[in-house]
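In what comes next, chain A is part of two complexes: it sits with chain B in the first one and with chain C in the second one.
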Partner chain A sequence: MALPLPPGLTPPEVAFLCEMELVTVIPRQRLEGLELLGGPSPPLNPPHRASLPLWLALLLKRQRRANILPPPWLTTLSLTALLDHETEHAESFSPPPRLPPAPSPTTLPFTPPFLQSSTAEAPPDALPYHWLELGEMLLEGASDDFEEPDVVRRLLRGLREVRMAKLRRGVEVLDAAGGLQMNGVGGMELSEGRAFIGGVIDGLRKINASREQARRDRDREERENGFGGTADDDYDDDEMDMR
Partner chain B sequence: MSYYDVDAILTESQKVPCTFELNVPGLGYLTGDMGGDMRKGSEVELPLWLGEMLALSQSLNTSSLVSLGTPSALTPRVLNALKADPRTVDLRALAPHFYSLGARNLELYEDEEMIEVLSETFKTRATVIADQAHNPRGALGDGVDFMRGLDESERQLFRAAHDSAKAVRQWMADLKKK
Partner chain C sequence: MDIDDLLAEVTADAVPQETRDLQELTRCWVAERVAPELLVWPESLMERVLARVRSQIELVEEQTGNMDPKTNFKLIIIQTELERFKFLVRSFLRTRIAKIDTHPLHTLHLHTSQPTLLSPSELSYLTAHHALLSNHYASSFLSQFPASLQKLDDTTGGISMIDSPDEHKAVFVRCLRDVGVVRVDGTEREFEMRRGDVWVVRWSAVRQWVVGGDCELI
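What follows is the complex of A and B.
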């Protein structure tokens, strides 16, 4: 293989993207606003809170110039509720945070990292896209800012296990024509599951290739023979897209 | 399927039973009859690529040279065993490229039931493979017999699942080191 990397993002790459997420810090020293590539950072004035990108927040934390305020969903209470939800609903993942309404109909919808899903104002009842990476990094770099870091770590592990098991079990319902409901799956989970799920779908397509070919031939024959109205054609096209 | 795909080449070199429809002079050594002729109706195991070419080529007369049989890995007996419990069948012993062989066979003959059985088998075994790949004790636990019976594409699947899980674990370990 020419490219040694598998398709998709590797875990360090996902973590790198996650470092753009904004988190809330409580500065301990004054700092002028910095002109960063991603836009100017707010000036830090203790004891006022400010939102900084995660990488900068972790840097300041390491230099003991700021404390990081963990997002509301990264607390024992929220995580316990989420874990209960995950174990009760064996079929689906817990829903992602609701998107804010777009400012105007012409603007594109927000995505992370421009969604403030990890600041102190984030909703406490939903896991954002970068939940696993962010949780791990905060627990590693700023564990003394948590009330009970060990409990949070344990709950994160539990959530990860439950959700990965669901993702793996999901391939049972896969079909050459079927889909897998993956709403609410996080970035690191995707990077972990991509190779396996993609492999299963590829294998199934290989086995079903002859059926697909036969179906295409039949469709083409019908179209050439003039069978089926326009409505029928639309229907066929839809089905072929799914396959 | 690319021209240089090793797995595709190995798939094509798997043997299928072929029955000769004609007498062929001088080919008797294939059945062990040195210097003799190949009799009409005698059965020989030929590689898939050769058997397919002989079966599909229309020579001067209308009948084809050989008729292809079902490979031993795809006989009804095996399909029934797969229907009963896909997890206990040793696919590797049947054919190292079991699914590719099945797919090639399905290109030649339509068989709805075989598609169903193979897809179902692949899915059921894939979940077990995923569980094995995430097993922290590695593949040396109780699933060792199952792991030995994986066909080539299933091995690739196992490797993919194992590598991605390992990459995430590695990232977490690196995080702690910093």
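What follows is the complex of A and C.
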């Protein structure tokens, strides 16, 4: 009964999340709006475009009831530009899409897969969180809606390799304290890298555990004694000033 | 608060409650799958979601007899979505049970000091399961040990018998609101987390913001 999976999302679970992303469809048949558990779905009136979650769009596509409009970043032009950017900037991922306006303290902030980052109005110059999964799923289920599916597939593979190489190179800066910034990382990449990155940080932490404990004890002692630095520290500071 | 904030608030309120609940449920599920320890049971959210699932099942049951192909297709969509929801809820519950099973005594102790941690059915599961297990241990071998060695929750001698989860485990977080400077306890590491940032960091260092809803686990 208990879930036998290890902590951290597995690739099928990431794909499940990705299926909640909204995509733009061009319906071929009428369909009334439905009261779904995740909110009402818009009525479909050909040829008006509508935004639907990916799982529903793929279902309609399979039954030839609709066509899917690939998001603007999933075109040959955008992907080529993104690939160039990724290759030129070897040390970081390309920046993620611009954030929506900041939520006020009382409202619920929305994050992927509930941001509209894969509809026809999405920005063409940034890879959203679920870029790899979404690209693969669209290429598999709706390849005839792409202009050049093979070129797109090749560019996606290129992007994936460049970014995986960066992720692997990032391992060199891992240390016991953690605190590593990874803006722009994708959901599937994270799921692949999680076990390794987490394992390295946790392993290093266990090796350093005694040193950390000593530091914690010293900090606590200093707090209890009521003064900030020890005499040694002050001496060191003076030395620095003289140089 | 300027005009952008006001506009953002209006658009956020325009999102139907169902969609907001789906976002929240998804976030809870991911957090529970990733976090090393059990998180607080989201009672009102689960009540709303389960009530909706129940009424949707009733709707499906009522309309299954209808042979009109158009209604039939609508029903397929509704059922597909229902299955997706059921998967989310089930996976969420099973993850919690897995954590309860790994650290039963620890969870029980936490629940006494923080009574919102478990749902009523989780609590009855935990107490019943634990009672069965300790009875079984006692009757099969513990009763033959000297009385001083029969305890399952001995904490004397500096070593606790109660296993607890590793709260310093590295997790991946996404910042939902600016939280300012984060300090990693026991090290020199300090950094600032801004909205939209993704960080790999110890669970103990960011727990307060994840629980408070300013960060989410990914």
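In this text, the second predicted complex is superposed on the first by the 217 of 243 C-alpha atoms of A that agree within 3 Å, B and C clash if a C-alpha of one lies under 4 Å from a C-alpha of the other, contacts with A are read in each partner's own complex, and residues count from 1 in each chain.
The rule is short, and it goes like this: a residue touches a chain if its C-beta (ideal position, glycine included) is under 8 Å from a C-beta of that chain, and two chains touch if they have at least 3 such contacts.
None of the values given here were measured: they were computed from a predicted structure.
Under the clash rule set out above, the superposition-derived model of chain A with chain B and chain C shows the two partners fitting side by side.
Applying the stated contact rule after C-alpha superposition, one finds that A:I207 touches chain B and leaves chain C untouched. Once the two complexes are overlaid on the shared chain, A:L9 sits against chain C while remaining clear of chain B.
In the superposed pair of complexes, A:E21 makes contact with neither chain B nor chain C. Of the two partner chains placed by the overlay, only chain C lies in contact with A:L37; chain B stays clear of it.
Touched residues of chain A were counted for both chain B and chain C, and C has more of them.
Of the two partner chains, neither chain B nor chain C is touched by A:E86.
Applying the stated contact rule after C-alpha superposition, one finds that A:R216 touches chain C and leaves chain B untouched.
Within the superposed three-chain model, A:R169 lies in touch with chain B and out of touch with chain C [touch as defined at top]. With both structures placed on the common chain, the touch criterion links A:V185 to chain C but leaves chain B unconnected. Between chain B and chain C in the chain A overlay, the least Cα distance found is 7 Å. In the superposition on chain A, the residues of chain A contacted by chain B and by chain C overlap at 176, 194, 198, 213. Partner chain B is touched in their complex by these residues of chain A: 6, 10-12, 15, 136-137, 140, 164, 168-169, 171-172, 174-176, 188, 191-196, 198-200, 203-204, 206-211, 213-214.
Put simply, chain A touches chain C in their complex at residues 1-5, 7-9, 13, 16-17, 19-20, 31-32, 34, 36-41, 55-56, 59, 96, 99-111, 113-114, 176-185, 187, 190, 194, 197-198, 201-202, 205, 212-213, 215-216. Considering their complex, residues 99-100, 102-103, 106-107, 110, 112, 115, 118-119, 122-124, 126-127, 130-131, 133-134, 153, 156-157, 160-161, 163-165, 167-168, 170-172, 174-176, 178 of chain B touch chain A. Per the touch definition, chain C reaches chain A in the complex via residues 1, 4-5, 7-9, 11-13, 15-16, 18-20, 22-24, 26-27, 30, 33-36, 49, 52-53, 56, 73-74, 76-78, 80-82, 84-85, 87, 91, 94-95, 97-98, 100-101, 166, 168-172, 174, 176-177, 182, 184-189, 191, 195-202, 205, 216, 218.
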